[in-house]
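Before anything else, here is the set of structures, which you'll find just below.
One chain, chain A, links the two complexes that follow: it is found with chain B in the first and with chain C in the second.
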Partner chain A sequence: MWKSIIYKEWLKIRWFAIIYAALGILVVGNIFLKVQHDFEFSQEAYYWYSILFNQYRFYEYSLFKFVPLIGALAIALAQYFPETVNKRIKLTFHLPINENKALMVMMLFGAFCLFAIAAVQLLLFTGLSLVYFPAEIVQSALISIAPWFLCGFVVYFLTALIVLEPVWKYRFLYLLVTATFVPLYLQTAAARAYSPALPLLSVFTVLLSVALWFSGYRFRKGEM
Partner chain B sequence: MVKISRYILVFTAIVGLSVVLPQFYRMALEKPGRNPLIQYSCIDHDFIIFRPDADDKWTNREGTKLTREAYEKKLPFMYTRQLVMDRTMPDSINGEKINIQHAGIFRSNFRITPDEIHAPKPKLYPLFESQSGRANLEMPNDFFRITWRMEFIDAQTNRILEDKSRMFSAVLYNRGFQFPATSINGIPTTRKSYDEGYLVIDSANQLFHIKMVKGEPFVRQVELPTGMKFKTIQCVDFSDKLYYAYLFTENNELYVLTPYDYMLEKFEVDDINPDAYEIRIYGDYFNFNVITIGNGFIRTQVVDRDHNKVDEYAETRPTYDMRPEGKIGQFLFPAELKMTDDNSSYVNFFLKMSKLYWWLILSLVLIIAQYFIIRQRKKNIRTEIIDLMLIGLTGIFGFIAVNIFPNKFID
Partner chain C sequence: MNAIECKNLTHYYGKKLVFENLSFNVKEGSILGLLGKNGTGKTTTINILNGFLQPQSGECLIYGENSQNLSPQNKARIGFLIEGHIQYTFMNIHQIEKFYSKFYPKWDNEPYWHLMSKLQVSPKQKISNMSCGQRSQVALGLILAQDPDLLILDDFSMGLDPGYRRLFIDYLREYAKEKKKTIFTTSHIIQDMERLIDDLLIMDFNRVLAQRSVKSFMQEFKQFHLELENPDIDISNEEFVVNSEKVNNKLELYTYESEEKVLNFLKNNGVVHKNFRQVEMGLEDAFIGLTGKY
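Then we have the complex of A and B:
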């Protein structure tokens, strides 16, 4: 039964997940294409200097900041929007399995896909960074991009909440809450500036993973 | 579990609202306030003040209005060019004949703000050649770190330069340096007039001067009084070349480090706290104006060239919390959450609680309003107790949050 549910989720999101993964890899590739180009056209030492002392943030190239957000939004919509068409999710709720557990499995699968794609991007980013930069610059860059990936998970959880919410008025209000909360992860900041906020942002991200239960509950209770 | 998910969402909304609502409020109503410039006049031997926002922009300490020209005449070393243009620059001041070019050498400007202290520091620095024989400084191809040893990393190959690293590490070790460095302070730019390397604090809280002279390491320990610790060391590049750096101690004292003899000389000023205040130091031929600007006050302490105190003057002004818009803000919001702070370059959760407790009145009103909402929905008040408590604690943020995420089915 659980395998079937997971397979159903995979069928819904597979193309979006593949496109997001490909987009992520392309963007990371493009960042380092730019780095390689800049290394060729200016002295390496000046490039390092710009990063260390002039706040040049090479990792912001190609709108990398918004890639996890867009990917998570696409996957969440692909996964949960079809469930709201003709209230198909009720079919899942009629299965002889725990409803909350079913929602949790759906959410965990989506989150796992996001995690796997993020891991590929981060590994690629770290590997390529280490070719061009010393550990200090790589570490700063990773700390700086970490909130963007956490933001991806937050957007995924909150999009699921909004899409599964049965009442439009509340959808709009949840959207407003999302609009107040998501920017906390996307502040413009110097390299490594996010380091003190990361633990709490991570806790918020993990806590929000159960957001889906709320609108799922309202949906199955027939709130209109 | 569903209840927990609701409270997590309510909490999320409270966090988001406590960032956004006070921010919107401030953007709509906060009035700017520019600090006056309080300078010591070597002509009057008294303070004169420039207030950009006031009708009487230029005054003396007593508030007597001055014309702009009269004001500028009283600060000949600050407005030298203007006075020369107007042919009103005095030939002598305080009985001393003034050579403009010579006096200009002693002019210096220094400024540090708390967000520069509380900021992520680079962990790699370029070590310039101090005596290259060239007119201009050149950027080296490698950068150094001081961890378990001093390591130079070549930017072209991204590899450690072993020979150079060993040479510098050995000299540091022989001079008693305790690895790793806890603070590396210098002016890492080629746009300075000369290079004096870095002032480095080691893990035993010893101060070292490290530079590279003709490719060789130059390492000199600076004798510090017992127990002296620094909040920050700010190297300077002034044309008089009298100091390597301003050193700000944990006791909020200010020292300068002189070149060659490595003497620490104390400025006779107090409460110089770069953690919390903006510090400006303007030096001229006769004096140093040491200005501290904090939330709601500005203070200028004047010392002579021997660093002895001459005079001081301070002014206070209402802070945001004391002004009407701030007081209304404290009535509306129990707290303000910011991701950035004026005194820090880090992104963090900066929570500022309201100093007044007026927001409790609004919380009480909102609890009553919520009570009527519950009654209208014909709900059992017992199931809503936590919501009411949340409103009591978080005021308008909690009120909005508990109503955005309805408690309808979770009875």
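Then we have the complex of A and C:
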């Protein structure tokens, strides 16, 4: 039964997931094209300059900044919007399974897809980075881009909450909450700038994962 | 044994009362039609039955379980058709059959594919590209394949042309009677109901107007036509008059009383009239007679 839910979710998001994965790979490719270019023409002086004067941004990993956000938004909309057209979520709630578990499996699958795509992008990014830079610099870059990938999950969870919410007034309220919290993850591209805040942001991201239960509950109680 | 028992349902939307202390039962193996004008609470009742709306007070039991907290085992016994034959339109007819088949232990795809074979569509055709009539057959086929004990159908006529409506009703009635299924249904096309249902529940704003078998309702509810000599006479408030429509001196009178009693009343009260006759009615005529044209 749970495999069937995953099958349904995959049918909805597959093209968006593939495009997002491809976009991420293109971005990684683009970053390292630039790195290769700098190595060829600017040599090591450019990187020393970056370390000393350019907010420790060793190379242009900031190209990643909005990629997880855009990918997560696309996947969340592809996954949850079709459920709200003609209140089709009723079909899911009528299946002979627990309604909260059904929502949880939908959310876990979407989050897993985001995680898998992020893992591919990060592995590629890390592998290529290690070809050019020492581990310390790569580690700093990974810590710097971590909040952007966390931001992807936040956007995914909050989009699910907003899209499944049956009342427009509440949707608007959640949108304001989203507009307040999402920028927290995108403040700066400076190396290791988010180091102290990462644990808290991670906890917050995990807590948001169950937000869609609230919209699901309100729908089942007949809020309109 | 009742498949559905609703007790003292009361519901408001804001301050607007939809119904108060509505109670009804649906016997196992029967087909009950919920009839009413727009806005009288048909879809509200269906939503309460399916657990998508919590009534202000009262409860509905389906096979003994509160409809707000149905167990997965009980949900597997209920086939649900959403108004407009809503389904997952991003799937094709193969994918949707594959999807649902894993949820229901009694799944039998034969009736589904039998209906699909009549549609002249390719197996890869997406449901979003089908006509409303074709989608209705997909929705019906899925419910039949589920082999539920209880079917809850919300306005199954919506968007269907006469051919598909007839196909839907004939297929459904034969299936229900052969397999002793229970059906609770609404439709805004009363003629469709006449071919399908055994019992009816007619709702008006805030109240139930009739709750009985179609057969007894059609036998007992009558329409009389007469022409009054004095068109100013008004008998619409008499106790035996359920409803009346008057155009000039022509009066349509709806009542559960016999012709003899109506004639006696007219005679005893000096209501001079001519051309008195009983008018044969179909279910739609009776429905309009009971609920009024407005």
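Going forward, the second predicted complex is superposed on the first by the 208 of 224 C-alpha atoms of A that agree within 3 Å, B and C clash if a C-alpha of one lies under 4 Å from a C-alpha of the other, contacts with A are read in each partner's own complex, and residues count from 1 in each chain.
Assume a contact is a pair of C-beta atoms (placed from the backbone, for glycine too) under 8 Å apart; a residue touches a chain by one contact, two chains touch by 3 or more.
What you see is a predicted model; the values in this text were computed from it and never measured.
> State whether A:E136 touches chain B only (first), chain C only (second), both chains, or neither.
Only chain B is touched by A:E136; chain C is not.
> Quick one: classify A:M1 as touching chain B (first), chain C (second), both or neither.
In the superposed model, A:M1 contacts chain C only, not chain B.
> Looking at A:N98, would you say it contacts chain B, chain C, both, or neither? Reply first, second, both or neither.
A:N98 sits against chain C, while chain B stays out of touch.
> Per the overlay, which chain contacts more chain A residues, chain B or chain C?
So, of the two partners, B touches more residues of chain A.
> Does chain B (first) or chain C (second) touch A:K221, or do both, or does neither?
Touch partners of A:K221: chain B and chain C.
> Which chain A residues come up in both lists, the one for chain B and the one for chain C?
Correct list for chain A: 221.
> What part of chain A is in contact with chain B in the complex they form?
Spelled out, the residues of chain A in touch with chain B are 43-49, 52-53, 100, 130-134, 136-137, 140, 161, 170, 173-174, 176-177, 179-181, 184, 187, 189-197, 200, 204, 207-208, 210-214, 217-218, 221, 223.
> Across the complex, what residues on chain B touch chain A?
1-2, 4-6, 8-9, 11-13, 15-17, 19-20, 119-120, 122-126, 139-143, 145, 153, 155-156, 158, 188-189, 339-340, 345-349, 401, 404-406, 408-410
> Show me the residue ranges of chain A that touch chain C in the complex, using the header's touch definition.
1, 3-4, 7-8, 11-12, 82, 86-88, 90-91, 93-98, 219-222
> Can you list the residues on chain C that touch chain A in the complex?
Residue list for chain C touching chain A: 47, 50-54, 72-73, 75-76, 78, 80, 82, 84, 86-91, 95, 98-100, 102-104.
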